[in-house]
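Have a look at these structures, which come just after this line.
The following pair of complexes shares a single chain, chain A, combined with chain B in the former and chain C in the latter.
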Partner chain A sequence: MLGAFKLVFGALVVGFLLIPLMAILPLAFTDSVFLTYPMSGPSLRWMNTLAESDAWRRSIVNSLIIGTGATIVSTLVGTLAALGLRRDLVPFAGVLRSAFLLPMVVPAVVLGVGMQILYARMGLASSYTGVIIAHAVLCVPFVMINVSSSLAAIEPALERAAASLGASPRRVFTNVTLPLAMPGVLTGAVFAFATSLDEVVITLFVAGPNQTTLARQMFSSLRENISPAIAAAALIIMILTFVLIGVAKLIPMLKARKAAAEA
Partner chain B sequence: MIRQRLNACLLVAPLVVFLGLFFIWPLWAMLVTSVQGGTVRETFPQTAIALADWDGAGEPPAAAGDAIVADLRLEVPTERFGDSVRTLNSQYPGFRTLLPRTARAVREAPAGEKVDLAGIDPRWTDRALWLVMKRAMPAYTDANLLAALDLRRDDAGAIAAVPPEMAVNRATMTRTFVISAQVTLLCIAIGLPFAMITASLTGWKRNLLLVAVLLPLWTSLLVRTASWMILLQDNGLINQALLGLGIIDRPLALIYNRAGVLIAMTHVLLPFMVLPIYASLLAIPKNLLPAAAALGARPWQSFLHVLLPLAMPGLLAGSLLVFMVALGYYITPALTGGAGDQMISSVIAFYAIGTANWGMAGALGLFLLIPTTALYLVYGRLSKPAGAA
Partner chain C sequence: MAAPRRAAVRPKADRMQSFIHFESVSKNFGAAKVVDELDFHVGKEEFVSLLGPSGSGKTTLLMMLAGFERPSSGAIHLDGRRIEHLPPYKREMGVVFQNYALFPHMTIAENVAFPLKMRGVGAAERESRTLKALELVQLAHLRERKPSQLSGGQQQRIALSRALVYEPKVVLMDEPLSALDKQLREHMQLEIRELHRKLGLTVIFVTHDQSEALTMSDRIAVLNHGKIEQFDTPTGLYDRPRTRFVAEFIGETNLLPGTVESSRDGEKTIRMADGTGLTCRDASDFSPGASVMVSVRPEMMHVAGAAGENRIEATLDDCVYHGDHVRLHMHRGDIRLVAKAHRRDAQAAMGGAVGVSFRSDECTLVAP
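After this line comes the complex of A and B, so read on.
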């Protein structure tokens, strides 16, 4: 009795969690003009729309530019800070550590209003720099979490061994610490890119019409003119995210396998 | 050692500066804007500075004339300009014609040339008019903060409620808390049993359930919300299935109402509930439940007296997290809710993007920021001892 309930409940929740991830994807290949089932037939017309329509194509290019910029900025400052905070040598390290996660907590709309006010004064409104910086702020926590956890997993004995064998602190860092932390940095970068790719709210506040990203374009189509182009865009976003996350998860596994083979 | 400390500080410094500039400062700017003196001040920033030192008794300072000319040359959103004109006109009838006329004359005059205000309109020599302008732009005001709570200052300066037909913010705030609480309860109702089932399974079955929780976390929020729109609409998959099975004979209204918001938000936030509960369940020693059973506890008794208390830290952390994140939601209610299901974020976005009224947006934002930050602090306190135990 309890076993049957467990099975049914578990299956229902798994369905509830997973069906909405997939329901939209087949519609990327519908040939109807409506974003609804049943599909009348397979076609690539909406994929073509994405590639050919000015608004969609520009938004994809913008997402790549802004995502890359935000990833570079956040990975750089986030990784440096994670390294600096590693051994509690900085005053208020604990406070800083929680403060660096705050961009994840503060409601996006609130930060958006503040950034809009500030950008108007700084002359950063409706500029690529402004959008990249805003996205980077949101990406920093993901970089911090991933890099810090990979740094925490490094066996201190390894670094001590390298130092006792005569390596200078710089060499210990470049030859031991950095390679071991690299998977965390990469995962952080991937999450940063995925965050930027999916970000809508802050973009609504700080981007001008020239910086419309794919996510923002999707959001305004969902509000104003729903078409299967949205499903095609969703497919692209999902493929991009999953390929990136797949890569980030694979790299440490491949490295481990290689290390095992060499040993 | 000192060198190492210095190096560590240098490494942290870029992020401190970066977040100080682009995270703390924006929030501070929002706070300041919300208590600054209203739209008139925003429309005439230089005039405000020029009039700041004038005591209102003697002649208005000569710089004020130049300042207002400079301010009128700026591009200002039409709504904000109109707002300022209305505010001023209510104190000194005549601004409604005076300001547009002056603005036109100033913009037609070649840049850099001195503009003779009195020549455009003799009313500019009236001291009373300048006094009205000065009073309409106080340096600091609680007007926005009060308005965010549906309050205002009456003519005598006492705090009073706004007329009921204009009082919408408190209702929106209440609704925001109610929706967040509903979503949290739904997440508990689904997440607690689901986490218990996951923890009780082993092997591929447990992995399947865990992947089902993690995959949505990695999927774009926008894609998930768009998907729910397809599932929930009148001719969506759910209604088609129910109609096909003959359970209903007309489509259920599942979207653009509260049901749509609750379904989509519960889906998005469920992983944040399941994962902490699951983590705290894993920490429970395996032999406790058999021990309880051996001592004669019925299954519901061992659930109530053994499992639930031990899962409590996870349940509490998950609930706080879900509630806190739900408070600030914008995208999902905007896309799946109706006009009566909009949360505080929508109102903030309306003021900031729709009407460029940053003072109001900032004041409402403050009332969203305070509970969120408070909950985060509680969450931080709560999750530390739980992790240590």
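After this line comes the complex of A and C, so read on.
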């Protein structure tokens, strides 16, 4: 009885997670001009639209530029924050930690309006720097959470051992702490890139027409005309995300296999 | 165990020359005094155990020596130099941790080479010294493995070899064998002792296992509530405990309460509450009138024949067979007594009432 219930519940959850994606993605290859079923025939016309249309092409490039920038900035800041707040040595460490996690809880609209006002004063409005910083703010919590958990998993005796064996604090960090925290840093970076890639709300507030990202382009084209180009763009975003997550999962697996092969 | 103990060959005065010196060292954590005004010396090439129950301050003492904790007051000298202000990485001490603390992302060889790398030793020399240190623990064939692929005993030997590779002045061990099973632990005890002799190491060994301390050490500092109860050789601690805590913590003991009646030339007469008189010849200096406990080890209690001057009557409760010996559990009033006897002697004791005797020079007086 309970077993059957579990199975049905599990199937429902997976269904709700996957069916919407399954439904939209095939439309990337429709030959019709409408984003609806039934598909009259397969074609690559909407893929070509993405590649040829100036707006779509630019938005993809923008997403890559902004995503990369935001990933670098947030990985740096998030890692440093996780390290700094690691041992509660800083006064108000708990408050600071919550502050870093705030962008995850605060409604994006609120953050977006605030940033728009702030950026207007600072002259960052409608600039790549502005969008990168805005995205980085959103990404920092993901990096910090991942790095913090991999730091917490480091046995404290390891760093003491390194110090007792003659490593200065700097060398303890580069030789022991950082390598052991690396999986968390990489996972955090992947999450950061994925977050930046599909961020729309804040981008609407802080980006100018030149910084239109793929997600933003999808959003606005959705309002104008519901063309299957959106499905094609969604497919691209998903492929990028899957590749990234795959890489993040694959690195530790390959490492483990290499270690096993050497032994 | 081939080579004779070096310490035994050298004159005693040289051995006792202070190499490590704790000078009225205290450590407080908030209001709690974890280490209380400790003063002691450790000689070069000595194997000293810090023994005590948990919370006795033994680990804190070790951490202060390693540099992970600063004394709240007092000074620590190593080889004539004050070190209490030095950070751990400048102290030249090899630390072996309870859970080995091998770097999981490095191979065994990289782990052992780590302290040499930190000291800027060149690659070629690093390799040969690493190999030598691994051969010392007979694990050179595992050098390309990762720590996770080794058993607990192997990991501990690697940790040992990593702590020895750069020839530190002192090797500190924090309950290094407590995670191993009994058989492996006993094997490692012998192996560590062997290394200590062969390399002439100065070792400070923290443990809560009294038999481990007795087996391995030149001297043992018994700690309780942040103070040293007694700092002595294993035989000294076992045969001449100075306090009740030591008598009860090291091995097993029978305690007979009484009052000192007279004391002459080290020979004390003790009167028990029921009027029984006991004589005790030991180094303690209790004056007449003092309440004391006479501490007698179970194997010094004889149940057959009159082997000692002191004789008391007791009632036998149980006789437990242990293979090579039997243990007789007895009581006299509300005092519980245990004697360790040979099987053939136990026969004589059957029947309820037992006469136990012990020699006056095989018991000690301790404060109650």
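Note that in this section the second predicted complex is superposed on the first by the 243 of 263 C-alpha atoms of A that agree within 3 Å, B and C clash if a C-alpha of one lies under 4 Å from a C-alpha of the other, contacts with A are read in each partner's own complex, and residues count from 1 in each chain.
We take it that contacts are C-beta pairs under 8 Å (C-beta built on N, C-alpha and C of every residue); 3 or more make two chains touch, one makes a residue touch a chain.
What you are looking at is a predicted structure, and each value in this text was computed from that prediction instead of being measured.
**Student:** Between chain B and chain C, positioned on chain A by superposition, is the outcome a clash or a fit?
**Tutor:** Here the two partners, once superposed via chain A, fit next to each other without clashing.
**Student:** In the superposed model, does chain B or chain C contact more residues of chain A?
**Tutor:** Higher number of touched chain A residues: B.
**Student:** Once the shared chain is lined up, is A:4 touching chain B (first), chain C (second), both, or neither of them?
**Tutor:** Neither: A:4 stays clear of chain B and chain C.
**Student:** Which holds for A:163: it touches chain B only (first), chain C only (second), both, or neither?
**Tutor:** second
**Student:** Tell me the contact category for A:215 with respect to chain B and chain C: first, second, both or neither.
**Tutor:** first
**Student:** After the superposition on chain A, what is the angle at the C-alpha centre of chain A formed with the C-alpha centres of chain B and chain C, rounded to the nearest 10 degrees?
**Tutor:** Given the fit on chain A C-alpha atoms, the answer is 110 degrees.
**Student:** When the two complexes are placed on top of each other via chain A, what is the minimal CA separation of chain B and chain C in Å?
**Tutor:** 9 Å.
**Student:** Indicate the residue numbers of chain A shared between its chain B interface and its chain C interface, in ascending order.
**Tutor:** none
**Student:** Tell me, which parts of chain A touch chain C in their complex?
**Tutor:** Those in contact with chain C are residues 155, 157-158, 160-169, 171, 175-176, 179-180, 259, 262-263.
**Student:** If you look only at chain C, which of its residues touch chain A in the complex?
**Tutor:** 66-68, 87-89, 91-95, 97-99, 101-105, 107, 114-115, 118-119, 144-146, 149, 162-163, 166, 172
**Student:** Taking the touch rule as given, give the residues of chain A at its contact with chain B in the complex, in rising order.
**Tutor:** That would be residues 2, 6, 9-10, 13-14, 16-24, 27, 35-37, 73, 76-78, 80-81, 83-87, 89-90, 96, 98-100, 102-103, 105-118, 121, 133-134, 136-137, 140, 194, 197-198, 200-201, 204-205, 215, 218-219, 222-223, 226, 230-231, 234, 237-238, 241-242, 245 of chain A.
**Student:** Across the complex, what residues on chain B touch chain A?
**Tutor:** It comes out as residues 4-5, 7-16, 18-19, 22-23, 25-30, 33, 190, 193-194, 197-198, 200, 208-209, 212-213, 215-216, 218-231, 233, 235-237, 240, 267, 270-271, 299, 324, 327-328, 330-331, 334-335, 345, 348-349, 352-353, 358, 361-362, 365, 368-369, 372-373, 376, 380.
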